[in-house]
């Protein structure tokens, strides 16, 4: 682990050198406005505090401090669902959302896929991962192959586990719907960014009699997942899932850091409400201005 | 080597982009980097179009070659991919059927096959929304009851007879639903979920930049 | 109507009915349309990416006569690295390109989520409870503040939902259910009008043409 | 197994059948469910009704083909009302895909019915990119933004456009939109130039704009197919929205009915289980 920190230090140095070189000529020009966006200093402070909190908790975790995280029912259900699929001898279907890899929700989904693939590898349960974008295909193949190799089940890996199905949203949906009715997966896991197809997929899966677990950060699709799935991870829980499933203390650090910031946010909002209510909060209100 | 290089690349690209937002684009090179890198990401994604085509071809070709169940359908998919893709890659100066302008094969297939398919898939949503409501809106628990009552109330409000009915209970009832349910509770909850999810996304991002989370590059 | 128009009309009607038939049960006509749909849309994206990305964003800016963006060869190389995936032995090279995409995404989201979402959403929640606009506005402000905070507490992972946290989280889930119910009921209308559009096509345009 | 037990475990295909029936029947046998006019629709209707003869109204086609089930009926009611009152119309669109051709097609079709002449009674300006600049620019000079109309005729050759230089010559703006452009019609055009703006928007967007109505920034609002149907009622010319509205209402009532039946089935089922145990 120490080795890794050295790796990180080198680029930081390079980066700051680079930064210096680009800022310097601009400062020399002299100008009415500085090169740095001073008006965004609030965001910078916020990002730094946030990062510090996450890193601090991660460090404590590494030092062996036990970090408590409550049970999250939807995530616990993932393992159960794979177990049921194994008993029934039927596949598990995993859909990492319908966005490209340049959406953080998709990255969260890919990371959860890595954990799920380990479980299916362990039980030797067939896994099906249809994807809509080729970059997601590449990342998905990478994590699944890795998971199977790590569990010593390379023989069960085949690169068509993760397959590109169709580029267009509704073409993807119609193909996956057909897949659900024909292959009858025992469990469907939907994680990531979903749009109008959320209900189309979940309702078909329900008709096919599969156990369904969904997770998305998009509030507008959550009602439909809740109506048609057995378990739904809402918003933040999607991002928590990969840490939680990994069961590594290091990963839980991030979760604890988030919680710490959440408490701070609640306190800041309450202070704001009180100040604004008594009409003395103008300066405070402006501190949170997005520029 | 196989893990270190990707970790360093992820760290560098992440850090540069995170920092660039704090610099003015017209004054610094670093400030201009953000839009440039976004184009780069798109370009990398653009190259993968062949990987997608290879994947879909391989899966379907194997089905056809081994005469697996339903191989006819796979053959159809294969043909469709090429009928659509190939003419669009050829320059339109060769024939008006090539390229992607109006009158090309690409455009015709999109207009008359793809579009109605999409529209019909959207049409299926109305059926599913009814069956999902029927099945899920049961008063099994306090939470489920709240869900079903609000959904019913809002559905009533959205059609003429329902709205008239609500107005007959109290003239201001539709206004109240709009103010307190839609703009009050609904907005507050969306906001709470957005803040929470944003924290989750930010912490995920931080883990990737720092190489703590690297499932995708050979380390679980 | 010309022969072509009639053909197109019947084709669209066939597609519409074939897809709706899935509602009864999965069948070979649906499977046929679905297979064509999947193939066409994959082909469509090949054409789209080729033109809008490879040609327009890479090739043309890089090779144009005045002020060429020569540095675009860097993402070009990253893009080519993706092809090593076709040879398992070298596929690790593609991880470099993947790491670039993931790192960039992470860098952008780290800041934009905190700066663009959390800060303004916090700010907009700082509402005056003692409102000059009257009691109604105050009441609305109370609902919003309680709603946001109880939702946030529902997502607090560090404590079991017991005691004070438990009560607030319970309130949070009630608020969440009201919101989801409202959203569900509200969306029905838009979805139904999409179906009405299809039915209008079938009845007025297609059957109407007989 | 009695009736309520069956209801509790109903095959979903029966539900699909009911949905299909409730959407198809109104087209064959119009049920003509009562439509009630909401104050917002009435306000828009009155605003147009009270315009003096031969005023000039700007009508926008700010929507994509995907939402025409909701938005096109609004354009049609607006055109009916305006042409009927001998009001002259200038149409614009901020949507590139389909916007200009839809405006052209619908406007000409309606003009034929009322015997109106292009260039004298109505003009279609078409699409220009960068909507903020377009909306602002038309405040000083429409001709600077649109040197020609949609079919490339110079504005100077169109008699109507000789009377219209900027928003000052326009008495009312009737916006039909399916996207965020509405905010700009209010925050730029109404706020800076004071021309009254009335809107027709999709059902999903509508509630957001009640705040504009109560603040007096927006003069009347049509929400979705329902709004269009109410306007058709006021005009006394029931058309597609009224038929569509029957289907909408039936669907909502069907879902509410299904939820009710489902719950009765569920409780009856639970009670019987309780008795057996």
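Order of writing sets the chain letters: A, B, C and D. Residues in each chain are counted from 1.
Everything below uses one rule, namely that a residue touches a chain if its C-beta (ideal position, glycine included) is under 8 Å from a C-beta of that chain, and two chains touch if they have at least 3 such contacts.
Because the structure is a prediction, the values reported are computed rather than measured.
Looking at contact counts per chain pair, the maximum sits at B-C. Computed centre separation for the pair subunit B/subunit D is 27 angstrom, with centres defined by C-alpha atoms.
Centre-to-centre separation between subunit A and subunit B, using Cα means, comes to 15 Å. The geometric centre of subunit C is 25 Å away from that of subunit D, both derived from CA atoms. Shared interface positions of subunit C, defined as residues touching 2 or more other chains, are 19, 22-23, 31, 33-34, 37-42, 44-46, 82, 85, 95, 98, 101-102, 104-106, 109-111, 113-115, 118, 122, 125, 145, 148-149, 152, 155, 176, 179-181, 183-184, 186-189, 192, 194-195, 197, 199.
Counting only residues that touch two or more partner chains, subunit D has 12, 16, 19, 23, 203, 226, 248, 251-252, 255. In subunit A, the residues that touch at least two other chains are 40, 43, 47, 50, 101-102, 104, 107, 135, 138-139, 142, 164-168, 170-171, 174, 182, 219, 222, 224, 226-227, 234-237, 240, 255, 258, 262, 265. If you sketch which chains touch which, the pattern fits none of the simple shapes: not an open path, not a single ring, not a star, and not all-to-all.
Here the touching chains pair up as A-B, A-C, B-C, B-D, C-D.
Considering their complex, residues 19, 22, 25-26, 30-31, 33-34, 37-42, 44-46, 48, 82, 85, 91, 94-95, 98, 101-102, 104-106, 109-111, 113-116, 118-120, 122-123, 125-130, 145, 148-149, 152-153, 155-161, 176, 179-181, 183-184, 187 of subunit C touch subunit A. Taken in their complex, subunit B has these residues touching subunit A: 4, 7-8, 11-12, 15-16, 18-19, 21-24, 27-31, 41, 44-45, 48-52, 55-56, 58-59, 62, 70, 114, 117-118, 121-122, 124-125, 128-129, 131-133, 135-137, 147, 189-190, 193-197, 199-208, 210-213, 215-220.
The residues of subunit C lying in touch with subunit D in their complex are 23-24, 186-190, 192-197, 199-200, 203-204. Contact residues on subunit B toward subunit C in their complex (touch as defined above): 2, 5-7, 9-18, 21, 34, 37-54, 56, 70, 73-74, 76-85, 88-89, 100, 106, 109-110, 112-114, 116-117, 119-127, 129, 133, 142-144, 146-155, 157-159, 179-196, 198-199, 201-202, 204-206, 208-209, 216-218. Those residues of subunit C whose C-beta lies close enough to touch subunit B in the complex are 8, 11-12, 15-16, 19-20, 22-23, 31-47, 49-51, 53-54, 57-58, 72, 74-76, 78-80, 82-83, 85-86, 92, 95-115, 117-118, 121-122, 124-125, 136, 139-140, 143-152, 154-155, 172-189, 191-192, 194-195, 197-199.
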